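Below, chain A partners chain B and then partners chain C, in two separate complexes.
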Partner chain A sequence: MRRSVWKVLFGVFSLVALVGLLLAGPAAALDKVVIGHPGALSGKYAKAGEQARGGIEAAVKWVNETRGGIEVDGRKVPLEYKNYDCESKKESVTSLIERLVTKDKVHAIFTPYSSGLTLAGAPIAEKYGIVYMDHGGASDKIFKQGFEYIVQTIGPGSKYHAGTLDMIKKADPTAKKVALAYEDSEFARSVMDGAKQHATELGFDIVFERTYPKGVTDLTPLLSALKATSPDIVIGGGHFEDGQLFNRQMADLDINVRAFSLIAAATLPAFYEALTYLAEGVMGPSHWEYGVTFDPDAAAKEGLQWIGPSQDEFVQLFKDALGKDMIPDYHAAEAGAAVLALVLGIEQAKSVDSDKVRAALGDMTFMSFYGSWKIDKTGKQIGHDMVDVQWQNGKRVIVWPAGARTAELYYPMPTFAEKAAGKKATK
Partner chain B sequence: MSARPGKYLALIPVLAAYLGMFVFGRVQPDMWQLVAMLAFYCCLGQAFNLFLGMTGYVDFGYVAFVGVGTYGMALTLSRLSGVEGIGFGALVIGLLAAAGMSAMLSIAVGAVALRLRGAYFAIATIGVNEGFRYFIEGARIWNGSEGIIFSKDLRAIFGRETAIALSTFWADVFVIVIGASAAVVTLIYMRSKIGFALTALREDEDAAKVIGIFVTKYKIIAFITSAVFAGLLGATAWALKLTYVYPPDAFEIHYTVEAIIIVMLGGAGTLLGPVVGGLLYGLSKYWLAIILPGFQLLIFAPIILVIIVAFPEGTVGYLKKKVRGTALERYIV
Partner chain C sequence: MFAEQLAGNLIQGLVLGSIYGMATMGLSMIFGVLQVVNVGHGAFIMIGAFTTMTVFTKLGLNPIFAIPFALVIGMALGFLFYYVVMQRLIKAPELASLLATFSIGIILEETVKLTFGSEFRGFNWETGKLDLGVTVLPYSKLIAAGGSALVALLLYLWYHKTRSGTAVRSVIEDSEGARVCGINVNWAYALSFALGIGLTVTSGVFLTMFIPVGINPYMGGGYTVKAFVIAVLGGLASPYGAFFGGLIFGLMENGSYTILATIKGVEPFALTRFFSFVTLLVILLIRPTGLFKSQ
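Moving on, here comes the complex of A and B:
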């Protein structure tokens, strides 16, 4: 009996091994460049994952149809996009990346969304020595680990408020006191650490700093303490729900400041729909917003090469890719820009070899509809400036950077009493 | 082994399955990460089954043990990376820390919750993972909400190449070994006084008490053993392999649910069940994610429903019934 069991087991193993060997095909000559993406199409990052997929598909289509492909070895070959769904889960990320590299023979991996999933895939990308295009992991710590193949397009968390603070410093040199109140999460902490550092460098005083837990339902005690320090500038937030609560309770407690910036919440149209006039003059940083005015002229002015579709072309390609009448948000834009970066990197390296492409990406700088692009030697994005939006008379306008703005900054923000009386944040 | 030679024959198929995974991964190195994912699910089921299968108690906070184990390894590696010549000692300390920390947590939870029965136990454990996560974030211990990212520490200790090999190969080998060890311990328990006591209490806790079994003691033994394996799984599959830990990721209740599904698919209380369940679960997830990216869960949920309705005792439970009285009986347990 025991012998027959072993025979059966041996038979099963040899069969499995044989099937596996048959499935592994020979390597083909380079007739296309393939991007692999273990996307987050379902699970908790599904929304951002859908945007990223749309952004990548839009950029790939532009490269193939408008640009005629990607130039390698003196001829243009098409760019292809191969994606799977990692369900926003770390277990799936590693196995899907391996499949993309070994079976689908892709030439670059695009990260899934979030810093966590980006980190989860990094060791396996390093193992295979393949360029790892980070379009959704903003944590600065990713770039302190010594990964050699990672290339970031999304701006690092620490840079979120650099522009906001520069802008206020310029508009009002007398503003001194900054209060920070934010959600206790990895993302908000990395953003606020950056804000704190930049504020100190610019000579602001941090008069208040406190966190609140995720899912908070009452910020009154925190805001009462904040009010006692009478800050000029309040920076904070974490997610949409707490950002909305933050703004509403600032109004309830009649805390009037000269500038008020919230991460994540203030850039969304739903923010103004929920708060209406209370949101007048409120600002928020974003990697990209529809309406920025980056174009070939702006690139020429800064002495950068331009690549990619115009903003409106990108929006149209994005809508076609997803088959939905949806405006792309920054998740789509940074994923699309990462495709453009890869295309330039491969063309400048004149090869799809990851070491050469990574080296070329390190020396490269360009501008696209997403703005300017440059990485440091760890792969961290240092060329891209965040944009700042402000709600002015019910419209979301871009007030920073100067090269991309659609309106002047309204400063100082109207008081809540003025807003209740009908004053809008426009001149 | 001496009293009944066939006592441990049931280990053959389950150990063959783990060995098979390893061999398949070596023969087919470009599918090693798939093997790693399957091994993770099998091992998760195997460790969870040690408690759920043997006692019939459902621990909804189970992922907390995996999370704490992850922290055990993460803390060890990040704190000891500066120690000269620590080398592989760091791994040993990390594994010991993971096992110790999950054992301590299980004693704390078990001492309270295991005095409760059935549904009350399930309710009492439901908040353990969330509670522990908020404790880490709120008390700002172990780096609080920022988590620990220790890829650079792993490199500092072992050098780049070894660190990559640890994350992409050896961590998975450890997971396979941990899964197989959990299976061995399960069978040892099944064949000993502990197993008989647990079977008695699973079938009728009052009757077990009346015949003089100190049920709380045996429940705690099974609970701690199961938690230690979970901690080791976290230390390898999450810490060593992924080289980062964020509290929301490590204490996500989703993994408890997955463990329950795996054990149910395979058959609660069986030895082979978690492996079969883990393979079924992992493989169908993987292939559906490739064939129908974005829609796999729509297909996957009905498949699970059908399997559970068709085989209420799990696939291995069904198989066990089928082979009763035949020569295969000793192998399928």
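Moving on, here comes the complex of A and C:
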């Protein structure tokens, strides 16, 4: 009697299993790839966050409409963008990543803008083992934590002035004395450590190095001490507000140097609007500028695969995405380029599995409108070169690298007395 | 080299200090007469900065013309806020007036943000420079410093040589006695508050002549902290004591940099604030009422 009961039960289970298998059919195929983004759409990083959203939406649209989607398992599926506003707050970043992974089931996370917010979200991405695409966190510190899923597209802070110093070395081998004066912040310190190291490698002498606190309203004592060292090159800054002050008080104290480069401030139009001719000849490093000349021919010359829209196509897609007649800045470009990197990574991995995608991203190189792309073992960007811009006759022109420049470097920059007399940094 | 840099920085400190002093006189005056601590002080400095920028960039006028605009705007705001808000809070607990001035500051900041945006702005007023050998001073800074000193002198004369100034002093001494003598105490309060705000907004003009960049709705915060320190240093209720307090603070800030820079392994800029506040504490321990007598 007992044996017959077991036989009946076995038969029922077998039947249920068979029916289940028949109903399920083949394994459910992937119908879309979803990227999640806890974007900084409000709060202190709202402007950069808006640019990043526009850049991602522009690239997603290009992937879906021009490229026909992402190829996975021999068929193309659309790319979907799911974003929330983290309000530029670290605590929101962590909870939104949890939500994007567990509820929205996204296949990759895009970081919010800034090194601090990127760093805040990284442990959560690691916990879930999901690819974490960093488009707005430049600090080298992020890549010293042993994170395995982070992939950077923005250039690391330590490389900001590599091109600037290479360019000056080439233009003027007699320039020797470099002065560094910068904001006492994680980002500026990371940038200046890199500048110092590269300057020393090139044979420059660091004759002055001082920091100033955040929110400074008068740099006169520091700049007076800097002036006493008679530097050929001044590199400094931290954020926009202190950069404005730095340039203004260099003029007030009549500190004339051959080259002057400021991070964060000098690349913004508001910098020249506030300082007018005092900004003539001032330079700044940037991740990307409208006008760079990266295209399929440049990629072919360097033996790199090309992907993505042309620069002008990207600009149009960006304007459409935000509904504003606004030229994208580097925050948008690097976010867009991070989308293109992920697309290639998934296609080369032939899967959306994060471990496979991360491995593929680690092995690949390519070029897009943003420039070349390659990461090291830690996920840090090593393929992308910064561009250097200089204010020439009220216009922001690209002077480095040679392959992307829109004008020759004006060197040495005019003195402040010459600028006051009407001289512009143009031949 | 050290002596040259120290001399240069002290000259710069003296110029900046005179503007710091001017930027604190309004705070001291309001406290002296109304016993109200204006926590929104920095927002009124910011109004002066925006007035200067607008006069220069929109009206195309020399920033010196911003001075009468700032004084009128400041006094109008002062009368408005006195009669609408402060008048009812004179006898109220101190926390009420603290919260009221804090709120006024936020209202002003957000109104300016809505009107002008939150970007850091600036302008470029070229006046030429005076080369003193040990340092270089743009004439715009000298105009700002000279203007500040002149305002301090005019305030002193007003307090001591005019009927309205004497009336205000009598209200400070004994408001009930002044009332019995026929002085309109409420009017003296209103005039003092309006003049204090007018002076503060005007100091924003001088400050912007000194540093014509970094103009934004929230720029006043840092100056509020400095103004409190200077006011205490100068004897909280003494407007021209505040002016001399400003001079001392400017000299300490700039002079200490050169001295601290001689210590190896020290970032002097970070320590100048430390140095200034330690000096303040020492002065207060020796003279708890500040360096100058209250009026």
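For this structure, a couple of remarks:
The rule we apply is simple: the second predicted complex is superposed on the first by the 398 of 427 C-alpha atoms of A that agree within 3 Å, B and C clash if a C-alpha of one lies under 4 Å from a C-alpha of the other, contacts with A are read in each partner's own complex, and residues count from 1 in each chain.
FYI, contacts are C-beta pairs under 8 Å (C-beta built on N, C-alpha and C of every residue); 3 or more make two chains touch, one makes a residue touch a chain.
The structure displayed is predicted, hence computed values, not measured ones.
When the two complexes are overlaid on their common chain A, residue A:123 makes contact with chain B while staying clear of chain C.
Once chain A of one complex is fitted onto chain A of the other, the partner contacts of A:393 are absent, as it touches neither chain B nor chain C. In the superposition on chain A, A:197 contacts neither chain B nor chain C.
In the superposition on chain A, A:144 makes contact with chain B only, while chain C stays out of contact range.
When the shared chain is aligned, chain C comes close enough to touch A:252, but chain B does not. Once the two complexes are overlaid on the shared chain, A:228 sits against chain C while remaining clear of chain B.
Contacts of A:66 after superposition: neither chain B nor chain C is touched. Of the two partner chains placed by superposition, A:316 touches none, neither chain B nor chain C. Between chain B and chain C, more residues of chain A are touched by B.
Once the two complexes are laid over each other on the shared chain, residue contacts for A:42 go to chain B alone; chain C is not touched.
Overlap of the chain B and chain C interfaces on chain A: residues 184, 213. On chain A, the positions that touch chain B within their shared complex are 1-2, 5, 9, 12-13, 16-17, 20-21, 24, 39, 41-42, 83-87, 90-92, 94-99, 101-103, 116, 119-120, 122-124, 126-127, 139, 141-142, 144-147, 184-186, 189-190, 213.
Chain B makes touch with chain A in their complex at residues 12-13, 16, 20, 23-24, 27-28, 30-34, 36-37, 40-41, 134, 137-138, 144-147, 149, 151-152, 155, 160, 163-165, 167-168, 237-238, 241-244, 246, 248-249, 285-286, 289-290, 293-294, 296-297, 327, 331. Interface residues of chain C facing chain A in the complex, by the touch rule stated above, are 1, 4-5, 8-9, 12, 16, 119-124, 126, 129, 131, 135-138, 141, 211-214, 216, 222-223, 253-254, 257-258, 261, 267-270, 272-273.
The touching residues of chain A, counted against chain C in their complex, run 184, 210-213, 215-218, 220-222, 224-225, 228, 240-241, 244-245, 248-249, 252-254, 270, 273-278, 420.
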